[in-house]
Amino acid sequence: MFYRESGQFKSSYKEDMQAFPIREDKIGIAVWLLLAYLYVPFFGLPGLEYGFALNAIMIPVLIFTITTIGLNILVGYTGQISLGTAAFMGVGAYSCYKLTSYFPDVNIIILIFSSGFFAAAVGALFGLPSLRIKGFYLVVATLAAQFFLEWCFIRIGWLYNFNPSGAIEVPQREAFGFIVTGAAAEPVTRYLVVLTILIFLTIIAGNLVRGRIGRSWMMIRDMDIAAELIGVRPLTTKLSAFAVSSYYCGVSGALMVFMWLGAAEVESFDVNHSFLYLFMVILGGLGSITGSYMGAAFIWTFPLVLKEIGKVFEINPTVMENVSLVAIGVMIVFILIKEPHGLARLWQLGKQKLRIWPFPH
Amino acid sequence: MKDIAQGYMTEDGRQIGAVLMELKNITLKFGGVQAITNASFDIREGEIRAIIGPNGAGKSSMLNVINGFYHPQEGEVWFHGKKRPSMPPSEIARQGIARTFQNIALFHGMTTVENVMTGRQLMMKKNFFWQLLRVGPALEEETVHRRKCEEIIDFLEIQAIRKTPVGSLPYGLQKRVELARALAMEPKLLLLDEPMAGMNVEEKEDMSRFILDVNDQYGTTIALIEHDMSVVMDLADRVVVLDYGKMLADGTPDEVQKNQAVIDAYLGVEN
Amino acid sequence: MVSGSETGGVLQSVPAYVRRNAKTFSNAPAFREKQFGIWQSWTWLQVEKYVTELALGLLQLGAREGDHIAVIGRNRPHLYWAMMSVQMVGAVPVPLYQDAVAEEMSYVLSHCGARFVIADDQEQVDKVLEVQEDLPSLDQMIYLDARGMRKYDHSKLHDLEKVRESGVEASTTERQELETRIGKLNFQSICVMLYTSGTTGKPKGVVLSNKNIIISSLNGCKFDNIGKDDEILSYLPIAWVGDFIFSFGQCVVSGVRVNCPESRETVLSDLREIGPSYYFAPPRIFESMLTSVMLRIEDTSVVKKWLYDYFMAHATQVGPLILDKKPVGRWALIKYKVGEFLIYAPIKNILGLSQVRVGYTAGEAIGPEIFDFFRSLGINLKQLYGQTEASIFVTVQPDGEVRSDTVGVPAPDVEVRIGSNGEVYYRSPGAFVEYYKNPESTAETKDPDGWVATGDAGFLEPDTGHLRIIDRAKDVGKLSGGSMFAPKYVENKLKFYPNILEAVLFGAGRDNCVAFINIDLTAVGYWAERNNIAYSSYQELSSNPKVLDMVQEHVEKVNKSVSEDEMLSGCQIHRFLVLHKELDADDGELTRTRKVRRKIIGEKFDDLVTALYDGSDSIYTETEVTYEDGRKGKIAATLQIRNAAISDGSTSMAAE
Amino acid sequence: MGSFIYSVLGDPFVQMLQMPDFLMQVVWEGFVSGILYALIALGFVLIFKASGIFNFAQGIMVVFSGLTLVGLHELGVPAFLALFITLGVMYVLAFSVERLVLRNLVNQPDIILFMATIGLTNILIGLGQWIFGGETKSMITEQLWLPTGSSVWEPGGGLVIFQHIDIAAAVIAALLIICLALFFSKTKVGRALRAVADDHQASLSVGISLNHIWVITWFAAGIVALVAGIMWGARSDVSFSLQIIALKALPVLVLGGFTSVPGAIVGGLIIGIGEKLFEIYWGPLFGSGIEGWFAYVIALIFLLFRPQGLFGEKIIERV
């Protein structure tokens, strides 16, 4: 209905290979960006208390979107299952914590980005078995990572500077003259930092998956034997996927602690969280970056919404939590049955409908 | 059988060069099963070489030996006059051997053009950091190879399905896309595993034309497995006949057709 | 320097224009072709360079002035350029239909004595080689697409690119030679020779001068102010005068940008991508567009269907008025704007007609509902009446005076008069020079003071001055009563009904008209499905009483509209029958271009004709048919004959 | 350095020799938990054999069944009736899983089915907590006539304590395994099931619909889960944390191979005993809590050398 594609022709491959070749889509993206940068920081979300909107919804959702993109690279684009996501986030968080204590004066943003590399390294290490083993066996490998790392987070006191509480507490840090971490940091500052990092990482992910590397990932996913016979080296390809994926998880882990929680213990990185992130990927849509946004947003906000509903009908909140557990489970199964490509595909279909409106095909 | 030590000239006047690949006394077993028994033949530069035989004759296994997916228990594979050590298939692909598959092995998550692009992977060199920025050299590289792929797409006349997800394509077209993908690798040796299996007459004619054109245009050496005798006979310069993993004959189509053993084992079966 | 002496700002040859464009439009894109997945484009500077180099190349190949050089292939910039180069060397380009079979080609090639052939690809080259023996004058062949050509003997066969390259190394003397040849070109020199696919007999070579093409093109552009900012998609045969004027003449004189599709399969999507501002298509294409719209709307959701119906209803009322800038109510206007957003614009977008500023249809009569559909969407679709001999333009519809039943007023500089026998004559700067090697036909068609007979019968509406074409003049006969008998006119009216595929009218020398009808199996079949009428064959469906009723309805409607102008009211159909077989070119009942051969049909089915006149209400008949595989067989049937109501013109007029 | 090597390669063994009775105690403990791992693993194997599905929900099924049993009893249902009803519940579960999930996912890639079972896990957790509350419950051991208390064995002045429940666990597990073995070899359904494991066409020839077979296997897995739930509940108590522990069945499978029942048992014992020994004798070196990951890391290392597991057959890939 809104699309007027006639007359939008491409006279170079660069134009043709853009992420959003259609003018109308470009406009759409622009609108989203405007809202994110100009509306939310001032007004939060319509109908919600400002602080709540940022602290309880926007910031976590944006952070988890990074996680989801990361996990999606591994599961959705490369077809390798991982249940170690939370642990890899932990690696990011703890290494960022250590880095800040070693380099207190370095711009925290830089530290956050660098902490991703530790996660990447660990991820690649635990990705090694993926060369020999496939599918469910890989699940075991990643679970090994999950539990081993959890153990490390508890046992290796050095990681949390032997803090008796066993938790890592975020010190106050500044970047570009703003307080971005610690109790004194304004929600809006943290929001803007996270948002910007997310967009940056999204662009990079988009570039990767559209290019040579992304194709090699998908080749492995779609038909690993054929891929190998075309000359794709399984090891390097899978490892790169693990590394990149874990890098995203690492960064998001660091952000989670530094920009959102403010302090964290091993519980924030346990296996149940790994499941949660996997759900975000599945529901959002395997192999879709847009889907990662939707998945994260949905899985995160859904329970909150239910809770609100519960409040209205004065239902015991724990009941509502369980209801949301069940509901999400059901949705996962339903999505897998009806539309294995998740919300992203639904979005796609809707868009397609608009493009050929008023015709059905 | 005429002496072709220094290569030979085909009827349609193509010069066939020296030996590109030679298989010496190949024997391949799966557990107890003897898939190939002591088979030896060569493939020459620029020629269209056919491997035929009834079902279960070991044709596909032979192809899998050539592109290193199976490692024969006995025998040697010589490529470019050098004995080929046992190495993973990915490395062999890098030596310039491409193939298509009997039951199509396209990447179903991708469109036609993306599938063809996968054939260029090996030639793309720009490192990770250029890739993630996707500017300058990386983008240049991408466009250069895209152009190459488009030329192949144009060559195989699949422009109309350029951006269609391959999963939704009819069988015949999928086969063509697979050929395009293999061509994109600019292979020295192109292996075609039953390129016309399950095609109707017109599709077969098209495919034959394309195979000939490929050989003519790019001078690609082609080794193909085919069931349909007639097709092989007008396509191939030389034919190897396998039966139960043993070699029955090796020669020009006519020679082979006259060969009694072949007639008994194969043609007899067919008619 | 620009060659060809100036006359009132009008240059005298195509090469002169090419050079002017290189000067004035220089870096503006002149041609585009979708190739390798993107739209490659060439600026006028590039084009001028290429054309000159190629011309030099041809010179070296020994192209002489006055040679005929055939150009065969689909719409591709390089072929258009090749024609320009040919003109530069003083030779005459002869574009041919790419889908012509070898024999047809051999006739044309030998008739014009082509010395060179420039062919698109292997397929075309093969065709020519096939008939080489019969072409003594054929000297050199040039191909554009090298694919599969490697094995061919290249002694007299060249790659276009190679020819151009050889042109780059051309010596100064050759360059001199080229300049002198270009210099010699003027209004009188031959611009192109186009073969008309004559309905009867062999095709004739229509010789058109620079004056013909240039003036007609200029007038055409002026008429609709078409200019260098306009885009056109060239997808119609290059051998057809329309394409030569729109994609060559007007491109050259006014810089209309020519876009060539990637391949035959992709024409529609390419059309959509380019979104031309200047669009030409024969009625059948608009028809198929409409059908596709209808079919797809049928299976759309209820809401969308409702929206569509609601707004299309509105559009058919006010759309054309708005298009003609006639006043409509504010509310109606708002409603139309809403519809524009919800329905019209999306549909135009999907059809690729969003940007169309001027659209033309010609060649044959277009169904009013098709015509109105596109106009009500806000597409400025117009009709023009023309022919090769006129460099296409005879009459065109000016904006604001567009109607589906006329073909408009005489085009600029064109005079039109109606002969005593009702035949249409015109005199114009576009009027052709002669039929090549065919003086007597030339004489028949074109009289000394330049009046050209169109071979069509028609009349100018007294009040509006619009021309209305009735029929081929030779088909127009008289009923025994003396009133005019114009079968085609009535048949077309019938064929406008989707359910009717073909109609054949009889009545010359009789006292009234009768008709054979062929139903359209797809349309009627669809209708039958929806009214769950079972049928196993065309024959069964065509003899179904319900179908007959439906046809009768159509016939009577037609009778009514025919009766409305007294000149033709005699042509109303008194009795008709629905044929038991589809008229078929294989049985010689139609021409290859699906035109009915009235005479042959009349003889073949004379039993039916007599039955129609002797008042019997059914008739048994047997007919020989030819199946696809060439086998012959007989089909027998008993056909119902229906009487159709005749309306009395005057009263029906009064009734309105 | 040397001292470290000693503390890794020497000291533990010395300790073992010094206190053989303690060693025996440790081994026994490990043996029992090993049995239980094996039981859970068995559940996985059953389903994997029959439907090629990697049922991630097996762990939660253990918890869920245990909870249901206890929960029902808390509602005043007599123990054995509760047991019976729980069986019913497990059947309903199996049935509805087949109807609502498996059926709609036939011919989907394994990874999809796997994720579906993760979704199923979520559902069961939610339901369990919803109905019976999240807090831990203690198993109704006596009510089920399961032995409590312990007996002491003093080999040569040493001291080994055998919890009766552990003995019972071992015995019952053994019985269950035997029953299953019989079920597979003797009954028509069992044979059909084996056929399915080999190839799905065969099952049709046996004359039992796939769907039916799936229900049965899931139900069987349910029973196994219930038993495991009771036993485990009796040793510690019934809580959702069990679900995490139950995941240890995965490394067990890796060792044993996904399709081999004996493999599951052997694997279970290796892991069970191994991790106990390691925890006790090597744990101090690393700081305790190794149990959490030991099994996985063992499995991981093992995978690298024998991807198809101890008893699994080698996979030949085809093009």
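So that you can tell them apart, the chains are marked A, B, C and D in the order they are listed, and the count of residues begins at 1 in each.
By our rule, contacts are C-beta pairs under 8 Å (C-beta built on N, C-alpha and C of every residue); 3 or more make two chains touch, one makes a residue touch a chain.
All of these numbers come straight from a predicted model, not from anything done at the bench.
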By number of C-beta contact pairs, the top two chains: A-D
Most widely separated chain from chain A, with each centre as the mean of CA atoms: C
Length of the line joining the C-alpha centres of chain A and chain D, rounded to whole Å: 33
Centre distance in Å when chain B and chain C are each reduced to the mean of their C-alpha atoms: 47
Chain centre separation (chain A, chain C; CA means) in Å: 58
Contacts with two or more other chains, residues of chain B listed in rising order: 69, 101, 105, 146-147
Chain D residues counted as touching two or more neighbouring chains: 319
Chain A, residues touching no fewer than two other chains: 12-13, 16, 225, 229
Partner chain C, residues of chain A touching it in the complex: 1, 3-13, 15-16, 356-361
Complex contact set, residues of chain C against chain A: 32, 34, 37-41, 272-275, 293, 296-297, 299-301, 304, 307-308, 341-343, 345-355
Touching residues on chain A, where the partner in the complex is chain B: 12-14, 16-17, 204, 207-208, 210-213, 215-216, 218-219, 221-223, 225-234, 240, 287
Residues on chain B engaged by chain A in the complex (per definition of touch): 67, 69, 88-91, 93-94, 98-99, 101, 105-110, 114, 117-119, 121-122, 124, 126, 128, 131-134, 138-139, 141-143, 146-147, 181, 185
Residues on chain C engaged by chain B in the complex (per definition of touch): 35-38, 147-148, 150-151, 262-263, 265-266, 269
